[in-house]
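Here the chain labels run A, B, C, D and E in written order, and each chain numbers its own residues starting at 1.
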Amino acid sequence: MLRLTGQPTERAFLHKVMEMSGQDLLDCLQCGKCSGSCPIASETVAGPRRLIARILAGMKDEALEDATWWYCVACGTCAGRCPVEINMYEVATALCEIAEAEGVKPSEPDIHLFEELFLKSVQKTGRVRELQAVMQYNLRTFHPFKDMVPGMKLIFKGAISPKEMLPGGGSDPKVARIFSRLAEKE
Amino acid sequence: MKASYYPGCSLEGTAKPYDHSSRAVCEALGIGLEDIPDWSCCGSSPALKMNKDLSTALAAHNLALSETQSVEDVVIPCPFCFRRLLSAQAELAADPDLKARIEGAVEAEIQGTTGIHSLLGFLAERVGADGVRKKVQRPLKGLRVAPYYGCYLVKPHDVTGFDDPENPTSMDDLLTALGAETVDWDFKTECCGAGLAVSKTETVRDLCRRIVAEAVHQKADAVVVACQLCQANLDMRQDGGAMPVLYFTQLMGLAFGMSAKDLGLKHHLASPMKMLKAKGIVS
Amino acid sequence: MKKKIGVYVCQCGTNIAGTVDVAKIADEIATENEDVAVCRYYKYMCSEPGQKLIRDDIAEMGLDCVVEASCSPKMHEPTFRNAVSQAGMNPYMFEMVNIREHCSWISKNPDLATKKAKDLVKGGISRVAHHQPLQGTRKPVTPAALVVGGGIAGITASLKIANAGYQVYMIEKDEIIGGRMAQFDKTFPTLDCAGCTLTPKTSEVGRHPNVEILTKSEVAEVTGFVGNFKVKVRQKPRYVSTEKCTGCGDCQPVCPIDITSDFEVGLATRHPISRPFPQAIPNTYSILRAGSPPCQTACPAGVNAVGYMNLTGMGKYDEALAVVRERMPFAAVCGRICFHPCESVCKRGLLDDPLAICYTKRFLGDRELARGEFVHPPLKEAKPDKVAIVGAGPAGLSAAYYLAIEGYPVTVFEKLPVAGGMLAVGIPDYRLPRDILNAEIDNLKGMGVEIRTGVAFGTDVTFDSLEAEGYKSFFIATGLHNSMSLKIQGEDLEGVVGGTDLLRKVSLDEPAAIGKKVVIIGGGNVAIDCARSCLRMGADEVIVLYRRSREEMPAWDIEVDEAEHEGVQFMFLAAPTRLIGDGKLSRIEYIRMELGEPDDSGRRRPQPVEGSETVMDVDTVVPAIGQASDPDFITKLDVELERWGTIRAAEGTLATTRPGVFAGGDCALGAASFVEAVAHGRQAAESIHHYLAHGGLRPLTPSETPMDEAVTEDEKRRAKPIPRQEMPRLSEAKRKGNFDEVDLGFTEEMAAAEGRRCLSCSLCCQCGECVRECGPQAIDLRETERVRELEIGAIVVATGIDIFDAGRYPEYGHGRYPDVITNLQFERLCNASGPTGGKVVRPSDGKVPRSVVFVQCVGSRDRAKGNEYCSKVCCMISAKQLSIFKHHNPDGQAYVFYIDNRAGGKGYEEFLRRTIEEDEARYIRGRVARVFREGGRLVVRGEDSLAGMPVEVEADMVVLATGLTAQKDYTAVARALNLSTDQYGFFIESHPKLGPVETSLSGIFLAGGAQGPKDIPESVAQGGAAGAEALALFSVGEVEVEPTVAGVDERLCTGCRTCVELCAYNAVSFSEECKAAFINEALCQGCGTCAAACPVAAIHVQHYTPEQIMAQIEGILA
Amino acid sequence: MTDYEPKIIAFLCNWCSYVAADAAGVSRFQQAANVRVIRVFCSGMVDPSYVLKAFSSGADAVLVAGCHPGDCHYISGNMKALRRSFLLANLLKEMGVDEGRFRLEWIAASESPRYAEVINEMSESVRQLGPMH
Amino acid sequence: MKPKIAIVSASGCRACETTMLDIHYGVSALNRWAEIQFWPFVLGSSMADLERIDHLDVCFFSGAIATGSDRAMAEMLRKKCDRLVAVGACAAYGGMPGLKNLKKPATAEAADRGDLPEELALPEQENRVRALDGVDGIDRVDAVVPGCPAPVNLVWAAVSALVCGGEADARITYAAARLPEEMVRPILSGLGPPPGAVFAGEKAVCATCSRKKEEKRFKAVKRPYQAYESTGRCLLEQGLICQGIATREGCGGLCTGVGVPCRGCYGKPPATFDPGAKMVSAISSTFETEKPAEIQKIADDFVDMTGCFYRYTLPAQCMLMKG
């Protein structure tokens, strides 16, 4: 049950999301064109409209735990069709940053894990080593043999080299500094 | 014509055929590509999702590097890298505070004057169908292809400013110029699931299956893409594994008379070789 | 004497008092300002007790002026003016201060808002002290109304006014009245037949004695003021007389052109001559024409190429030739030598290649010559006045042709031994075979034209001798037959032959001794003709010397190309400086040129390169740099000449300074083309006819407005996939040493194919097929646009709405998939007189759809698409349509994707519920994301936001509920009527609550969708209300004109006339008598531009005088 | 300087800009309360003398607003205002009046948000300039 | 008894004072009607003389108030005389010396710096040059004769009205001066000129200018040497910045008649507020273009508008420079 009392704090979360994302969610008509457009909206993933509805309703916890923004691949389809030009992937970033700052546990740990491994790889070497990141992910999620068959095929065809899966590679100190500088500022 | 070239991480990894064919095609078209020195990852979707400033900074870092080159345009085969760099440049221009913050993080000043192009956009606008047609040595007669643009090239339109997000045609024009026949279908910009491929494989499989099924229904011989992630997803996550998913640069290379091997056509899971042989395009 | 001022401050409930401290202002004003006799505040000043407060104070305290601080004067100024005048005060002694819209409502800071309000009140007090009592003048009202727009709102207004006994002019942009409602099938919520409701009304208007309907008309300009408007109405031609047309429809089947029907919203085609539906009013046919097509506009003679191309396409060659002959007597000649500007602008050229108009015309001419039967219109009754034409060139012969048709006896006098002018002696045989020319000239003789060759005008015959012979009028068309001189040394040497002289000699088979090496000087067509002729006459080497580069050459490209093929050499950027020889030419000296800055003609001016003189051996030099008149002849004509030696002929009439004498062609125009000469000939014939028949001069009939030149979608659809036909040519090997014709001519099949390529971009091609078919002779294709001036008392603007262009949602695929249609298209599918005869079937395959999806809010509630508003009617339209669909197909299933169902109207909600309960329509709450094809089926995707899940519907047909928008041409209407529109283009009413049909301009009222989206009952109600407003004006019979006009203080005016030019209404003039400016108060609108500009402040606008405004400024800032 | 509230005199055309100002109020677009509106029939009615009068009487800025070119209720009064504005601006500049203190704007009846925007923007920029003398 | 009069000049070129010598039969004629008590220029009178005089009937004051002694003299005269008359543009409107107000005086700047040299301190400079009626101690000026210099006919009209009473030959004088009826009537009836009377016309120069006016369409600013006119057409219509449209008449279009654009020495006509604003309005309203860039181009050709439109009137009639 949502119990509203008219306190100004009720809208604090909404305004924070609006400010961080630069998107005017108060314009939202709740027409649902975004969720209809969204490739990942499904029975289980609510889609942008309901996420916005939750933010507008001040349902902060529910919004931060909503799977939608974890799933968001920033395809931009909803943004292009939205009658009030709300860009949802900007909202997703804002929610991710708020969740991170407030220590909310990722509701989609596997997506989170992959993205984290990915960024670690960037931080370490400046460029991401895809296969390495994928292998690490598969190991960490206890599916070491996921996509083994196509992987082997690709190796067989010479498309990829098994060496690329091994850890290692050079480093890019400049990129590492970008990470640390931005971390400092926060 | 000269341009700076930003391959992006994938083109060093799983998408070498895209990299090789892109470089070869540009060379054939007289476009001198010069790699951005010491380029780094643009942050891709993980950075965009998890840390806005980091995402902007990583893109800005590469913008700054490209500004050290003596070329006006950056050409980017990877659509996500393209959109990130383009978007970051616009964000910096619009917000002086952000610019100051990011310039501090990347230890460089950013002029923001670089012309940022996707490879497809660059070829469509600067070379055009007529320019491509002139280079064709082996027209792709009899080849019916389904052009697939994916999301990041065209969406959101106010960010990329390229082609029509619902029904783009620039790749169609290039492929037609090669002598191929293109399928007029409605899945040109339906999402393949992109970066969810590793963590939410089933979601991606559902999306890709549907796209390839429609290509089959339209009697396409191959799906043609301009994105390595689209290629990987569609190639790996389709049913039956019979629908070749090729880079548009590979087809350009073929039409320009390059060999299937050099273009990496043998590296795909769904092999196009049998089909291409049957059409007499490769021997 | 000090004035006693009363100040009243309104609290407006909390609207003002919530922010502005009204009491404080009242207190301070009362104490601070000694002119203020009383200052009060009250909760609602506009209420009766509030007004009474003022009235009582005026009566009791003898106030001189009143200041009211409350809402916007736009809202209540009239109310308070009324109140003070009831108390006996002049209403102009009142001033209103806006402290609501401008203070309380815009600020959340009570201090600042109060301060601002007080300043404004102070300004009002200072100002009102300078007010003067003013009296408006009363003017009679013209008891006639103009209703702009013939939709249901306009019809209602018209009938209300007309039934009350007043004249109504209804102007309608389209060919019929009825507006959008005429396209509908049924209306909600009663499911009445729209036609059955509307057509009795349209026919009532149509036959009402007090209503005059002007179709295809638009308001061009409105001047004047309430009760006394002057309206200019631009009326496009219908081409079919509403009086004569019987509506038999015989014209329709013979029309060769098919265009997309706007009335059927693209679901069917129609002929340009048509009647949208059988019950249409006016119930007669009319013709759609977009204007003069580019080809016809470009043709100097104005030949109707679209007409004859289409007729040729149908195989009607005789009719086609007749169309050519309307403006071009020489088809075969023209088809050979015309430079066809028509083809370079042909719209088909924007798609693939332009039509081969010229060659097709040649085919028509050749076909006629081959059959030996000359086609010309019947000659009119013979007239007695003889006409003499001097010069048998194209201008003279054309004049002769058209005069002969008119019935005049015509004699053509020609100095040369042959007729044809430059056609005979200037154009070589290989381009225009002599027998073709002669055959076409002989045709003229067959019409009774007498051609006397070898007769020199001025010596053999003169004006006097011919007048004595009974000639009443003359046309001088002697051309330019002298070659222009090079003005260099050695031009008189033997071996120098002028270009025109050379061609003449060649043509007349006179000896023209040319050497082995010939240099032609010049870059025009004459130069090229000379060069190619010399080759044919046996020269070994022919060099064309031209002082600019190839790009600047005036000769036609094709001629230059052919010359190059044949071996002519070109030397560009070179000019002769000297011709050298001892009596006989032996060498030529020339100098290199370079191109400098562009000159007036836009071409870069050639300049000699010093020291680059070169000498070359040569046998013959042919200067062909231009043509000149024969000075001996032309100066003796006793008519005024132009500076450059041509005859002065008035533009439009071609009259010379000698009465009865006309001049045209090269001798008046300067060197021009054949087709321009023909145009002149025809003009001269028209002028001479007018001169002889009516004894005066009249400018020629104005030409039609050129049409838009961009290619439309419909034209693309009409373009038949036929390539441009290639002209068969004589092989180069066969050309040497003879003057045989190079172009061999089109075959009949080729010409017909070319004709079918025509897009008929002008819509009606004016081929005349319908005219020939029309029994009552109701069709006049020469009808032109007319401007009517009307005296009008009141104007009702009911221009209606337009439909949002669904193509702006590419994700919905309208225009891409035939089965995605708009709701207006669906109306036509349901309509018994529609394209399917009332069967609801899929446009793609004519099958009955089972699953139909209605998509709401297409172009409504979408800021990104520029329409943020709700279109109000679409929810109900879809409910109605799905209900109709269900009635047609009980097995079908309807789905509606909606955001909110808006059913605010009597019986609307109940109707909507019935569609859910009885028709079992499935309403899915969510805006459609995309319509796409998958596996060959249409799929509609969206979110079912109530269920919280994406949903896809397989659809047989998709109906887009397109929003209502303002008319596309709203700016033009707004400008003509001086009305304001909102950001969407809807006209702004004077007050959203209290003045829904009035505008800011008194005497102009709004009705229907022009003011904002609305349904039929609302439109009808508003139409009635607007009608009543007009009637109220008429029944009073006079209006009070505001006294706020400009006046001149003659004592101060110095007569500098600064003001005179500034007035947009021509209300200011200078009176020589008073030596002062004079203002016509009836014309003055009171804008004050003159007053602001008057350097001595002699002009002021009443009630807006400098004293008043300065005082207001001072008061505010005090 | 913080409590400095500039006074701006705004001459608004009765048919466009005044309507926009009213509509801005009706829509409750918040605006700086620094503008004092004087309603005139047409921007072409505004004599440069009024502008000088306003400045000499203590106004910190003057705004003249009328209909967009081509939309003048009086056909072309706004064009006269446009012509005057340049020479007047030059005169004001010569006499040491800062450039931002005199403005001519086109604000249509439908542009109430723009009206509020212009008012706020102008109030703020004049506030930055400080008092006239 | 003959009225006692004073003729003085403050800062200026003294041309107006010279005009006093030129009136009618010259100074001897004046002497016939009045007793000249104080006239430093001619009689060599000194301030000490003035201090000794108890009462004066009329004072003809020319020149602008630019120094402390100007001010002191003006204030003293105001106290002593019944009718103070401003003669010439300087006394009336501040005149050309008034253009000094566009710049802070060098003395004031030096004083600000604290390095005012001794010799510059004399004579004492006023901070702002003023017209006669701009001085604090002067509550009214009874009559004004504008012009630079004030012309003989108007000066004589003023003298005869104020000094000679309604004598017979005055009627001719007023006709020659073309003074407005409203002013002449009281003078002739012996009431004397109305308070604050301006001895000039009430229209603008155009009213008496002999040039042909056709239509005002201003295309570009021209200098006199650029506009050769032989047609007798209005100078403004030829592109010359002629201020005759917004300048009080009285001169009879003397300058414009010989092809010299009016410079505005009579000040603004009575009904206007500010001569510069009116010049701006009248000329720019007729610019022959509606394109902003072109308007700007024409406008930018007007240089030194202040010095041009307020050449004689800056201290008194330029609203932005007053106070």
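In this section, a contact is a pair of C-beta atoms (placed from the backbone, for glycine too) under 8 Å apart; a residue touches a chain by one contact, two chains touch by 3 or more.
Nothing here was measured: the structure is a model prediction, and the numbers come from that model.
Colleague: What are the mutual neighbours of subunit B and subunit D in this structure?
Modeller: Touching subunit B and subunit D alike, sorted by label: C.
Colleague: So, comparing C-alpha centroids, which chain is the farthest one from subunit D?
Modeller: Here the answer is chain B, farthest from subunit D.
Colleague: Which chain wins if you rank chains by how close their C-alpha centre is to the centre of all protein C-alpha atoms?
Modeller: Here the chain at the core of the arrangement is C.
Colleague: Please report how many Å separate the Cα centroid of subunit A from that of subunit E, as a whole number.
Modeller: 81
Colleague: How many Å are there between the centre of subunit C and the centre of subunit E, using C-alpha atoms for each centre?
Modeller: 59
Colleague: Rounded to the nearest whole Å, what is the centre-to-centre distance of subunit D and subunit E, using the mean of the C-alpha atoms as each centre?
Modeller: Spacing between the chain centres: roughly 35 Å.
Colleague: As a quick test, compute the distance in whole Å between the mean CA positions of subunit A and subunit D.
Modeller: 49
Colleague: Going by the touch rule set out above, which residues of subunit C reach two or more other chains?
Modeller: Subunit C, residues with two or more chain partners: 811, 930, 1062, 1089, 1092-1093, 1106, 1110.
Colleague: If a residue has to touch 2 or more other chains to count, which residues of subunit A qualify?
Modeller: Residues 42, 85 of subunit A each touch two or more of the other chains.
Colleague: What are the residues of subunit B that contact at least two other chains?
Modeller: Where subunit B meets two or more other chains at a single residue, that happens at 165.
Colleague: Pull out all the chain pairs that touch, please.
Modeller: A-B, A-C, B-C, C-D, C-E, D-E
Colleague: So in the complex, the part of subunit C that touches subunit D is made up of which residues?
Modeller: It comes out as residues 72-74, 98, 100-103, 105-109, 112-113, 115-116, 119-120, 123, 974-975, 978, 980-983, 988, 1000, 1044, 1062, 1064-1065, 1085-1089, 1091-1093, 1101, 1104, 1106, 1109-1110, 1112-1114, 1116-1118.
Colleague: What part of subunit B is in contact with subunit C in the complex they form?
Modeller: It is residues 164-167, 185-187, 210, 213-214, 217 of subunit B that touch subunit C.
Colleague: Please give the residue numbers of subunit C that touch subunit E in the complex, ascending.
Modeller: 1049, 1051-1058, 1060-1062, 1075, 1089, 1092-1098, 1106, 1110
Colleague: Going by the contact rule at the top, pick out the subunit D residues touching subunit C in the complex.
Modeller: Going through subunit D, the ones touching subunit C are 5, 7, 9, 15-16, 18-19, 21-22, 24-26, 28-42, 44-50, 53-54, 57-59, 70-71, 73-77, 80, 84, 108-111, 116.
Colleague: Could you pull out which subunit C residues touch subunit B in their complex?
Modeller: 810-811, 813, 816, 930, 932-936
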